[in-house]
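For reference, chains read A, B and C in written order, and residue numbers begin at 1 within each chain.
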Amino acid sequence: MEYLLQVRDLKTNFYTDSAVVHAVDGVSFDVRPGEVVGLVGESGCGKSVVSLSIMRLIQYPPGKIEGGNVLFKGRDLLKLSEGEMRRIRGNEIAMIFQEPMTSLNPVYRIGDQIGEAIRLHQGVDGPASWKKAVEMLKLVGIPRSEEVVRDYPHQLSGGMRQRAMIAMALSCYPSLLIADEPTTALDVTIQAQILELMRDLRQKINMAIIFITHDLGVIAEMADHVVVMYAGKVVEDAGVGVLFTEPLHPYTVGLIKSKPKVEDEKGVLDFIPGVVPNPLEMPAGCYFNPRCAHAMDICLQEMPPVVEVKPGHRVRCRLFNKDKGEAR
Amino acid sequence: MKRLLLSIPVLIGVSILVFSIVRFIPGDPARAIAGVHASPQHIEQVRRELLLDEGLHVQYYVYMSNLFQGDLGQSTFSRRPVATELRERFPNTVRLSVAAMVVATAVGMTAGIISATRRYSIFDYSSMVGALIGVAAPVFWLGVMFQLLFAVQLGWLPSGGMGTFRHLILPALTLGLATAALIARITRSSMLDVLRQDYITTARSKGLIERVVTYKHALKNALIPVVTVMGLQFGTLLGGAVLVETVFSWPGIGRLMVDSILARDYPVVQGAVLLLAVTFVLINLLVDVIYAFLDPRISYGTREVE
Amino acid sequence: MRDLELTGKTEPLRRETELRQVMVHLRRNRAAMAGLVVLAIFLFCAVFAPLLTPYDPTGTDLSRALEKPSGEHLLGTDELGRDVFARILYGSRISLAIGLISVAIGMLIGVPLGAISGYYGGKFDLFMQRIIDILIAFPGILLAIVIVAILGTGVGNVMIAVGIASIPIYTRLVRGSVLSVKEEGYVAAAKALGLGDLRIIVRHIMPNCMGPIIVQSTFQIATAILWAAGLGFLGLGAQPPDPEWGAMLSKGRHYIRVAHHLTTYPGLAILLLVLGFNLLGDGLRDALDPKSRNSR
């Protein structure tokens, strides 16, 4: 099995009273077993929608997956029945979210929430799942896990809560973990600890991770392969080394250039002129053209196709379209 | 515990206000109570009974010390102790209110949950329109309409009085419906709000079936505001009971109070008002307890030790 | 931000566009518009009642008592031969008057108390809070009943009773809003400029509390009308021969077996009027609350 997950031409729309937003617009990428794939882009580029689409957790209304395939271990998740899909969720594919504060249910004990997936997918009873929950909490490095398992979420710090979330996600040893900005809401030091933990656990249980973030620093540390998204489309995808040394798409170049040396959330995007286009008023042609220094006439008219520049390095930009590129 | 202490000044205040009912009557309270055609001797007797010539603090002191001995005075109408009258009537009001609350909770929550999980469905629209009407319809009119339909025209249920379970159905339904409407609206909006939360996505991402997501993960959170509203609604319910008891000739505290007001039987009025207000304060205390049970983030200092 | 507010020019401008936004939003809300139409019809009936019916709402004609609805008497006649339709028309005057005046009473007393309580805090606030706690310990309509028991019956006393019973609602509401607005930058700026407290409250704080007050008042009018009708029904409100809906219903229900139109129609009138205010209130709340504005 070469690929664990193959996303092909995934399309997810959101419907409002008056308009359709193409939040994910033909996204394709692959994940190998045990590989960490970073999904990068500014907020609103559709990266979280990709993750929810893979899990088939887009709520209708207002959202709906309108096309494409999500092949997981050779099966198309989008064609499974809801029951079959539920057996995959939390079991073979698990997910952690950005906000540990709001991602845990405030009215249930930690152990209950971790044990829930274990009971569901492994058919163990209450006390056994509780014991397993303690084990999982130990695994993610929570001290006094016998006590914490009885705590409610609000009694834990943000970092501890995110560890508990990870324990919950890993409780059935999934082969794919989708981590949606898992460290964004945390302090820098806690952030480093959580990343360390995820790297460590990934090797222990040999799972692949789709790591969603807007933070290139985290990507450089974590990912094997990077997929850059802009306005619902993949604009570039390459191995992590290649991407940082030879970025091709002007947007990727901008992102890397604007990455501050010192961790500083503010002003990261000041270096790319303009703002992400309003999803209701997408520019004609390449969506990036209003912010692109290299925009050509054709960029204002047609969406560029994806070109494979080298094996494993694809980019959606006219600059590297063979004929056009050479003509320049 | 802290809540319990906080309700003490409220109860004292309520007692002062109730005590003042008689003293606030414009003109000569004794004459007002005794009635327009009362003889001077009778007026004088009323004045003596109510200690109206003493200083206010003396009056209040006597009133309160009697109150603590369970002595609420004597009905000027039936000449029986007020406490006895209240004791006879109060269980009926409790039975009616509790039955109404059961109706309201069952109907309201069910409708609210179904509406929220099937948003924009026909059920959602019709139950929300029903809720709008339920909130706007005067409870006494609703009662009379029920009498007309179920008692006069269909003949299924008795139109009034008390006795069998069948007598309870219409009054409880009448009294509960407005509260049901309100609970349905709150449950719906609270459920919709909760279903948008991240932890619901977390629950779904575990592979739980939608029923567990809705009833285990969403409902308990959604109930928190619903319980608050239910507590407040119990007050509206007690107020409404006054009207419903009148419609259905239900011998409860509310009707006793209204009859006594019309008969200028002030000791009974005072007793009934005091009892209803104290009941309401105690119910709110109970709601706080339920609240802490539902929401582990709230603790009234008892669990902090852990 | 602070400096901008101090020029004083930006604020009215912002408010004007805000008002327009609210109006636009309200006009798009079909339920609220329906409520407004219902209210307009009732207002029209109340004002032009004498032109809409030839009958005197209190003129009895025993020879024509308890007639069923007909071409002549649209909604029939009551036990004294009075035209029910005429009585409902004139009754809308009483109900609207009670609703509006009692809410005005509640507002006039409750709003300043709440504003002072919230703005100054301290002992006065603490004292007010306890008083409010005591008043809201009387559930629902009960406080109004108690006050009527003291003052006696009649439309005027009902207005006062229902008005007093709604004071705590306003005091709580305004106190809460003032507490949250008080900390805003422009209030601090106004204080720094040395403006008087009264001026700050009236010019800078109150305009920002108006939204919740308007919404609450719309609902409160509905509640007041229901309470007043309830008092009328219990015989504690308007007295005969006033064509008050609750009192009409109370008399009419004795004839429920022979002439249910005596109860059905006054009740429907109350229901519609209350529904109108509630629908408008829902619409106003959605329009004034920027959070819910987008989520619908």
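Quick notes on this one:
FYI, contacts are C-beta pairs under 8 Å (C-beta built on N, C-alpha and C of every residue); 3 or more make two chains touch, one makes a residue touch a chain.
Note that the structure is predicted; figures quoted are calculated from it, not measured.
The interface with the greater count of contacting C-beta pairs, when A-B is set against B-C, is B-C.
Of all the chains, the one whose CA centre sits at the greatest distance from that of chain C is A. If each chain is reduced to the centroid of its CA atoms, chain A and chain B end up 52 Å from each other. Here the spacing of chain B and chain C, counted between their Cα centres, is 22 Å. Partner chain B is touched in their complex by these residues of chain C: 130-131, 133-134, 137-142, 145-146, 148-152, 222, 226, 229-230, 233-236, 246, 249-250, 253, 256-257, 260, 263-264, 266-267, 270-272, 274-275, 278-279.
Contact residues of chain A toward chain B in the complex are 52, 55, 57, 61, 85-91, 94-95, 97, 99, 102-108, 116-117, 120-121, 152, 154, 165, 168.
Taken in their complex, chain B has these residues touching chain C: 9-11, 13-14, 17, 21, 24-26, 132-133, 135-142, 144-145, 147-148, 152, 234-240, 242-243, 246-247, 257-258, 261-262, 266, 269, 273, 276-277, 280-281. By the touch rule above, chain B contacts chain A in their complex via residues 119-120, 197-199, 201-209, 217, 220-221, 294-297.
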